[in-house]
Structure formats: structure tokens, C-alpha cells
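Please find the structures below.
What follows is chain A paired twice: with chain B in the first complex and chain C in the second.
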Partner chain A sequence: MKKAVLLVLLMALVVSSFAFKVIMVSDVGGLGDKSFNDGTWAGILKAKDKYGIDVQVIQSKEQSDYVDNLSNAAKEADVVVAVGFMMSNALFDVAPQYPATKFIGIDIAPPEGGKVPKNVQLYLFKEQESAFFVGYLAAAMTKTGKVGFIGGIAIPPVERFRYGYMAGVKAYNDIYGDNVEVVVGYTESFTDAAKGKSMALAQYAEGADIIFAAAGACGNGVIDAAKEKSLKLYGIDANADLATVIDKYFEKGEGYFAIGVDSDQDYMAPGYVLASALKRVDNASYYGVRDAYRNRFKGGLQVLGALEDGVSLSQMKYTKGLVPARILAEIEYLNYAIKSGLLVVPDNENDLNNFSADIEFPF
Partner chain B sequence: MNVFQAVFYSLSTPIFYKLMLISATPLIFAALGGVFSEVTGVTNIALEGIMKIGAFTAVVFTFYTGNPWLGLLGAIIAGVMLAWLHAYVSIRWSADQIVSATALILIASGLSAFLMEPIFGHSGQTDFVAKIPKVKIPAIQNVPFFGQIFDEMSIFVYLAFIAVALSWFLIYKTPLGLRMRAVGENPKSADTLGVNVFRIRYFGVLMSGVLAAFAGAYLSIGELGQFQENMPSGKGFIALAAMILGNWNPVGAMWAALLFGASDALNIQLQSILDIPPEMKALLNLLPFVITIIVVSGFVGKTRPPAADGVPYEKE
Partner chain C sequence: MKNKLSKNAMNILVPVTSVIIALFIAGIVILLIGKNPLSAYWVMLKGAFGNKAALAANISKMMSLVLTGLAVGFGFRAGIFNIGAEGQLMMGAIFSTIVGLNLGGVSPVFAIPITMLAGILGGAFWASIAGYLKATTGAHEVITTIMLNWIAVYLTNYFVAGPLAVGQGVPKSPEIAQSAQLPPLMTVQATTLPSGIIVSIIAAILVYILLEKTTTGYELKAVGFNPYAAEAGAISLSKNIVLTMAISGALAGLAGSMEVMAIHHRIFGDFSGGKGFDGISIALIGQNNPIGIIFAAFLISSLRTGSNAMQFAKVPDDIVTIIQGIIIFLVAADRIVRTFILKFSSPKGGESK
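Take a look at the complex of A and B:
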């Protein structure tokens, strides 16, 4: 009996040491951030369900942990997944030391000079494409002719969100001959929700009625501001159900909205978050792990856009009923136009200034 | 709009004053807390930590009971407990007050981060909970300008100003206040005259726990309805600056906090009003600090802390 148990254990040990192992190293946000880390982890779990691989997560408590955590993970795993812009330097320090291990960097740009180590696959996103949809939607839905943008710190991904958003508004203006304005502010933080809320209140006071927040957790404050302003306008209390909220919106003919970012934040305040501009980090981590598992790992940089399911508009589970069917159809068409290359969304200031939407809807 | 027009425009809008009050409220509470502690001669740089634990406990209690007022009560209890630790080691054992307070800040951030996992199942930020309802004053709603400032304000904003008045009265107009100041200026003489130095100092430090807990609770269940790990993002230290700028006087601290609130509000409004490139907007975020430096260096005369501030008292 004892021998049999021992044998089974031994076999388990042998099998497990051959099993394909993926370790994710979270950034300081950690699992539960309902954003980057959770999204990446969801993609890894999807790969686990599909291919039966071993998965594990190492949570980083401080920025100074990144190098240690990545190194420890690299010693054990076949694939190490590094999450987030802040881990860039650590990743490029550690990866060359473990050439046998494959590294996946989510939302990490190539180092200065552009040389990506051979065992590293980086994923970036065309944030501007998902922001384009919410920009178009905001311009179509505003009753005041003014929409807001609140950025965290003006780093490249945030700026790409802004270019796309402004391009979306511009496209609507071009197509409908309208003149919707965008007001822009930066909180200089991705965590100070109080500041996000204050800035949203300021933009609402300036006349904006829909605000897109690309500012991490500051966005929670923006969503709270939208809810607070709407509650007052509608004259209902915080526990009112979705049906009441929607009725009141149509009754008043106006409302205040926030637009979420990165993950689907519509549920955070149903009826007050118009939509979310999604960044599908889950798809990126899934693609990375899948390719590594199937021995198709190439290394280098991949930029995921709408075509690759890297970015998209949220499903608008709670607010779809608020939006005229024609606008939804137009956004669907724009999605098709972007995927098929008919429309290129600007990702820098210059292109944004020269951008004009040359779109004729076939309906 | 050029910069000057934008500033004048901003100052003429009600939202500016609303944002100023919102941003100044936690600073007022915490700065008052600092005043209470330091007037009796115990420095308390742990305000940041007490605010954090206050904000966190408020959300936890509200999460379990569904009642934000019990959340506030929980915050006060937790704030007092943390302040008591500071009082105990620095008054009873004459420990270095800066070291003790630094330890408290670390304990607060460690504890809140650690407890978030078992309570809410994830770290980073908690779930949304009920908020303390806003005060609506129907009489003022139709008054132009003021109506828009005060139409829906958190009760904490009013409480902050009431707390300033009460603190001023307590410290400068009552026998207890006189004893507090005596203990902070010259504990030995106070002791000779029969004042219980230790007890008065305990009172000052525990009061700072109560007030800093109010500041923290305002941030979480007063405005946002959620605790985030980075709360209160440095506001405890800005409150210390307000306390010093206000010359360890409740009313002075209030003015200083309002000044910080105003520069914060101005920055937030100018962000959206001014049509300037993003790099310039990043610089605009430095405005509160620039204003602080200008004011501190140019407009305020020399400030003077209580003579025995930070000096442990030992009976001979």
C-alpha cells in the first residue's frame, strides 16, 4: 500500500515537473483591481481551461519587488507574464538572464532603441480605437454640446485614449455638421478618486454632460460624480432601480454620464455609466500563453486593435436602451470600417489635427 | 481665454467655492487634530495613518451594518485606538514621537491592505458602500450663487467649521484649554501647579485621533463610498502644513486649509477651462504647491510652535 502511494506521488511529481507552467507577476495593483491584473489573469485562466496547464500568480507589493518576483518566476515557469507599463524596466533587466524562459509583457512598450529580447513577446493596444467609439457615442448623446475627458497622467496609452476620443467627437461633428466641444483635464494621478470626482464636478459645471475618464481608479470618482449629479437632476435616491433611472432620463430628456475605461465598468453604477472603452488584456495574455503552448512563440511586439479583439466598446448592458438605434448601427458600421482598414483612427496629435471622417453610412 | 481671464472667471463661479470646501474639509479636520495634539506638547505626524485607518474602518463598518453612521462611529473608535498607541508610547514611555508616529503610518497602511483581502476578497479597493447622505437646505436652493454652492453638501463640511469654532473656544476660553496650553508650553510649571500633565496630553492625542478619523471617514463614506488603498494620498501631511501655517491655532489652521483647498480647486477648474497642451496641464497640477510656497515664504510672519512640542515630559 505504502509503495503504491509513493509511486503515485512520484509519478505526480514527475508529471507536474513536465507540466507546462505559467506564472503571472502582478503589479502593485494586485489581483482584485478589477482592471489590468484581473483581466490578464482571466486570460491565463482561459488558457488553463483550454490546455490544462499549470498557472500561478505572484503578487508584487512594491515596485522594488518586480525584479525579484520576475526572476523567481523565471526559474520555475515556462512562461512568465508581466503586467503593466510600470514593470517595463524590470522585465527588460530580467528576461535576458533567463533565455530559456518565455516572457509576455502586457501593455509594455519596447525599450528605448527598440530592441526586444528574443524571448519576450510584448502586447500593446490601439486604445485610440475603443476611445473612438465612446467619443462618437458621447458626441451623439450629449444634450449640451460639450463632453469631457479626464486623463490620469499624460503617458502614451492615456494620450492614445484622448486622441481616439477627440477623433470620435470630430467624426460625429463632420458627419452631422455639429459642433460638439471637448474639455480636457488631467488629475496627475491614477489613484486619487477624490480629485477625479472634483474634476468631474468642475467639468459638469462647465457644461459637459458626459465625461470619459482614462485615469485608472480616479475614474471611480468620476462615476460617483455622474451618479450624484444625475440623482439630483432626476430627484431620486441612490437605491433607485435601473428602470426608474432610465424612465427619469427620458422624462427629463437629459442626464449626466461617465464613460469607463480598460475593463467593463458599466456595472459600477448601472444607468450612470454610458459605456466603457475596453482594453482586452485578457485576450492578450490568452494569445501569448496559447502561442507559447503551441510552440508558435515568436517574440517581439504585437499591437492589438479592434481587428484582433484587443479593444472594443463594452456591451452597454444597462444603457443600450438609452441610445437611439441609428447611433448603435452607426457605431457598428464604424467598427467594421476600422477593422477593414477603411478608417484609421489617429494615434498622435498631428494625425488628430489632420483627421477628418470620410465616412458615408450605407444606410 | 488667457490665464488671468480664466482665473477671474473661475473665481466667479459657484463650483469653485464648492470644490474649495470639498477639498478643504478633510484638511480642516486633520489639521485640528494636529493642533489638539501639539498644543499639549506631543507632535503627531501620524495624521496620515489615522486618516487611512479611519477611512478604512468607516467602510468596513458600513459594509457589515449597512449604516454609514455606524461606519463613522467605527472610524472614531479605530482612530482613538491608533492615537492611544501613539500616546501610550510617547507619553508613558517617552519614546521618540516622530518614530512612534512613523510606525503608526506604516501600521495603518499595512493593516488596511492586509485586511482588505479577507473582508472584501480582493485588494486595491473595497466594494462600494452606503454614503452619509448629503444635507439639502431647501431655503437656500433658490438663492443665486450660494444656492449652487450649498445645495447639496456633505454634513462633514458643516461639521468641520463647527469643530473649528468649538476647538477655538475649548483651547482659548476654557480652563481645560488653559491647562492644555500650559502643558504644551511649560509642563514642569504646570505640574508644579497641580495639573496632571500626562492626562492632559492623553486628552490632546486622543482628540487628534477623533478628528483625524473624521477626516478619513469623510474621504471614504462622506464622498466616494469606497476605500482605496492610496487614501488619503498625502492629505495628512498637507494638514500638518496647514497646522504650521496656521500657527498651531484652530482658526489659523482653518484659513490655511481653505487656502490649500482653494488652490486645489483653482487647478482643477483651470485644467478644463484653459486650452493648453497636456504638458502644461501637468505643470498646472503643481499650482497648489507653488501657491503654498509663495504664501509661506512671503505672507505669513514667523510661526512658533508650543515650546514643549515634541519634548517628552518625565516626572522627577
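Take a look at the complex of A and C:
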């Protein structure tokens, strides 16, 4: 028995040493989080389908598992993918110890004042660009002249979402000579949905009718709040189908909306989530694994924007019919303007204050 | 004689048998998902003890678990259900960090004990609130400590995002002064073996002495055993409730202090990973005995470290949650295991009669 077991283990070892192996180490959110971990894994699976590589996921249960899991993964894999900014410290501790292994860090910023180790490729995102689209959309769609922003904790990616969102609103105001206002709040949490909901209800009470939440799972509460307020306004029950919701919106001429973040959250409450500002972590992990597989791994930092398909506006599968065709066309043009460098979306307070949209639509 | 095993022997036999039964049942589960349980356990064993790095990772998990286990176990012995070790751990960590940040240039000989003491006081202070409320108003400690846990969570988040915030990325505090950090006993690549484990073991021995060899310990146990009888025996209930909570909280606070001084060197949101709550299971498995708790903590840390390695053999790490659940169930419902042990040991005993 023991010999058989040993043989199997040995075989597994021999087989695995031939295949190109990618191991993803999840953060404590784990697979099934409908966000970063699932997104990254989707990108790795895409690479697997394309190149026939060997892939595996290791889940971390607590912060102190990161070093352990990354080290063990480094011993077994050609490429180790670390997910989420919580793993930064562990990644920069472990990577230099295993120079032969390549590391990919998704949404991980370079160490403070330090250099990125040679065997580490980091991916960050231009959150401001996807937030710009939803900001423009919100400003165009609001009936009250007021839109909301709810952030989790004011960490850099959340702030980049806010700058982009406010720039989008400002661009709309500049182009249309309008005066849409933005109400801003922070939940000081990324997990407490109840807090997101109560803050959203407060912003709706202040007169906002569309709220963009860049606050992790707090956003679920914001979506809840949008649905609850709309149901009351429309006078329908929670099970009403999408067609009824859309009819009621046009009948009343107004409604309450949430805007999702990171992954496509439109499906979470069809008809009540206007759109989502996507962060394509799946593309990042796919690019990383692809480059490593093709021996084009460089190491360093890469910031993915709209041009690299790193961020985008969601498909708006359920709500596209609510948006005037002209606005959709304008957003499409803005997307082109950003990709071609005609328009630079601010990613800090200073640039935001000096930002003005010099855009003339060609139609 | 044989079917009346001594109480001490039973206290060891029950958890050990529970572990064996749990491994057996989980083995069936592994078999059902089409993997070989023996090879899975072999990988787990190697992952927990197989090399220096594994052992170091294992012990760095064990360090705080011993302390939170002691915190809860000590409370149980004195009749208090301290479910707030999590919050007390965080308060200990916050206090240690704030003090440790300001000790640059102070010799480690002073900096280390002062930082440690800050953590102990932080935890003791936090737990005493619940103790005081119980002693004066009768507010049940389970409710108050749960509420205090949440306050501690939000305080931690406030500190790392507000007054102590530093740098980019995860909201976190700066590193505490070098002189306030506990040096590692050994470093294997990126994994370190924290010297805090020594502190944990010493704490367990001190708690043992306190409970078994001192008058205070006797009084505390008397209150836990039968509060009315203790009160009739002129033992002050309210004094003992506050004291129990304070000591229990001090131990949990020390756990937080160790996390900061020996592992992370700073605080950040959600750094504890539920170690305070794990203390409850560890106290149960260790039968509330300080020495038993050392072994129980080592068992849980080994299972957890091993489970990380088991994932590489494509066995889901949830198996370990199953094992842990069964162990706790069996230890809590110890009658089942006791009967089981007696049945197995009685045939011989029966024949000799």
C-alpha cells in the first residue's frame, strides 16, 4: 500500500515537472467572492484553455497563510499568481527567495521606496477611466441633478475611482453646461453591507438618485437600497420582471439606481443597477500567464487602462434600453478619446481640480 | 480498576480518542471524494512537520492560539464565558503598537517588556469593562463581550485608516520600533520562527501555577464551581468576576501583543484571522487545563498548516474544518467518547473480576 502511494506521488511529481504549472494563491476572500479571486482565476483558466498548461488554486484562510502558501507554491510552480493588495508584504518577502519562479501580483502596488523584484510582474489598473464612464453616465441620467459616490476606505484605488467619477460628472457639466452635483461618503469598511445600505439611503434622502459604490461588499447594500427605493416609487413588488421595471421607470420618469464596481454586478438587481465600472483582473492574470508561457515575462509594474482592456464599462445588459442612444454614443466616443490619448482622466486631487473636458463630439 | 480509569487519564484519553475518530471519519470523506486518505494525511503531516519552514509556520500559528486558548480556558475555570478574546486581542495589539511605535532609541531590555505590558493592559482593560458590567449590573458577559468585539474591530479599522495610517495599499500602521520587536528564533527563507512561542509557554505555566497552587486560584475556581457556595464561604463574587475577566483579557491582549511584536510588527485591518474565537475550541479540546491547552493549540495549528500543504495534493482544505468540527463535537459531548473508551477497555477489566 505504502509503496503504491509512494509510486503515485512520484508519478505525480514526474508528470508535473514536465508541464508548465501555474498556481494561484487566493487572498482570504477565496474563490466564490464574485470579485478579485474569481476574476483572476477566470483569466488563468482562459490561459489554460489556450495553452494547455497545468493550473491550481490554493486558498488562504488567514493573513498569516500568505507567506506559507506563496513559498510552497513557488517550490512547485513555474508561475505563482498572488491576488489582492492584502498580499503585498508577503509577496515582496517571498519572491526574492525563489528567483527561479515567476510571480504575478494582481492589484498589488510596488513596495514603498523599494524596487520591484526582477521575477515579479505587478498589475495595477486605471480605475479612474472606468469610473469616468459611469460618472458621465450618471450625470446624463440623473433627474435630480445630484449623484452619489460611496467609497469603502479611502485607499488609493478607491480614490482613483472617485477622481474618475467626479471627472466624468464634470465632463458632462462642461459639455452640456449643466450643474450636476456629487455627494461623497465613505463607509470605512469593505464588508459591511448594512452600512453601505444606510449610507445609500441617506444620500437618496439628500436628493441623489444614482449612486456609484466603490466599497467592496458594502456595495451590495447600496444595490439593495436602490432596489428598495425604486420598488416603493414604482409601487411594484420585489419579484416584478425586468420589463415591468423598465415600463415603470418610463412611466414615472424617474428611478433610483446603483452603479456596481470591479466585476459586472448588473445582474445582482436587474433594472436597478445602471451599470458597473469594471476592473478586468481576468485580463491581467491572463496577460501575465501568457507572457510567462511565451517567455516574454519582463517583471516590473504594468498599469492597465481602457486601452489595454484593463478597465471598461459593463455591457449594461439590462439597462441599455433606459439610456438615450445619444448618451451611449457619446460614451463610446469618450472611450475612443481615452484610448487614443485625446483625453486623460485625472488620478489625483490636483489634476481633478484642473480638469476640463475639451471634447467636441463629431456627431 | 480498569473500567474506572483515573480522571487524569480520561482527560487525556478523551481528546486523543476524539482526534483519532475525527481523522477516521474525515478519512472516509476523503475516500468519498476519490482521493487516498493515507496519502492526503501523509502530505498533511509533511506540511505541518516535514521541514524547518513548515515547523516554523506551524509554531508561529500556535503562538497566539495558546494564549487565546488560555484566555478562554481560564475564564471557563472561573465560571465566566469570555467570548471576547478576539476583541481583547485586538485591543492588546493596538496598545502594543501605539507604545511600540514610540520606543525608538530605547534599549530592547526595556522596550520589549514595556510593549508587552501595554498589550496585556489593553486586553485586561477591555475585558474588565465586561467584568465590571457583570459585577455591577448583571449584564451577561457573552452579550457584552460580543459587543465589545465589534467596537474593537472598528477601533482597529479607525486607527489603521486614521491616526496611525501609513503608506499605500492596505490600511496599516507603521512598523513598531526595532527595539520593541521580538527577534525570531530562526529564519527559513521568508518564514520565521517567532520567539513569542516562549512567552506563550511561560504564560501557560504561570496560569497553571495560579490556578493550582495559589489561594487566588482556589477562590476563582470555587466561584466557577459553585458561586453560591463560594459566596457563603466569604469569597467576594464581584471582585472575582472582574479579576477573572481582567486576567482572561490580559492573556488575550498578550496574544495581540505577540502578533504585533513577533510576527507583523504592525497592525492592519483583520490581522487576527479569528484567533480569538479559535481560543474557544482550543480551551474545549484542552479541557481548560493550561498544559492541555498547549497541546490543543499545537494540534489546531498543525492541522491548519498541514491543510495548506494538503491543498497542493488537490485535497480541499475544508477537510480540516471537518476534522476540527468533529473533534470539538466529540470533546464537548465527551460522554460519547467516555462510554466508547470504557467499552473498549472493559472486556479485559471484566474478565479479571
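General remarks:
The working rule: the second predicted complex is superposed on the first by the 347 of 363 C-alpha atoms of A that agree within 3 Å, B and C clash if a C-alpha of one lies under 4 Å from a C-alpha of the other, contacts with A are read in each partner's own complex, and residues count from 1 in each chain.
Just so it is clear, a residue touches a chain if its C-beta (ideal position, glycine included) is under 8 Å from a C-beta of that chain, and two chains touch if they have at least 3 such contacts.
This is a predicted model, so every value here is computed, not measured.
Partners chain B and chain C, brought together by superposition on chain A, clash. Of the two partner chains placed by superposition, only chain C is touched by A:Ala109; chain B is not.
In the superposition on chain A, A:Asn220 makes contact with chain B only, while chain C stays out of contact range.
By the document's definition of touching, both partners, chain B and chain C, reach A:Ser189.
In the superposed pair of complexes, A:Asp93 makes contact with chain C only, with no contact to chain B. Touch criterion met: A:Asp65 reaches chain C, while chain B stays clear of it. Of the two partner chains, both chain B and chain C are touched by A:Ile153. Mapped onto the common chain A, chain B and chain C collide along 95-103, the only clashing stretch among 95-103, 167-175 or 293-301.
Within chain A, the residues touching chain B in one complex and chain C in the other are 59, 153-154, 188-189.
Chain B makes touch with chain A in their complex at residues 13-15, 18-19, 22-23, 116-117, 120-125, 128, 130-131, 151-152, 219, 223-226, 228-231, 233, 264-265, 268-269, 271-273, 278-279, 281-282, 285.
By the touch criterion given at the top, residues 1-2, 5, 8-9, 28, 56, 58-65, 67-73, 76, 85-86, 88, 90, 93-94, 97-98, 108-109, 112, 153-156, 188-189 of chain A touch chain C in their complex. Within the complex formed with chain B, the chain A residues making contact are 29-34, 59, 148, 151, 153-154, 159, 162, 183-189, 191-195, 197-199, 201-203, 205-206, 208, 217, 220-221, 224, 228, 232, 238, 268.
Residues 36, 38-39, 42, 47, 53, 57, 60-61, 154, 157-158, 161, 167-171, 189-191, 263-264, 268-271, 273-275, 304-305, 308-309, 311-312, 314, 317 of chain C are the ones that touch chain A when the two sit in their complex.
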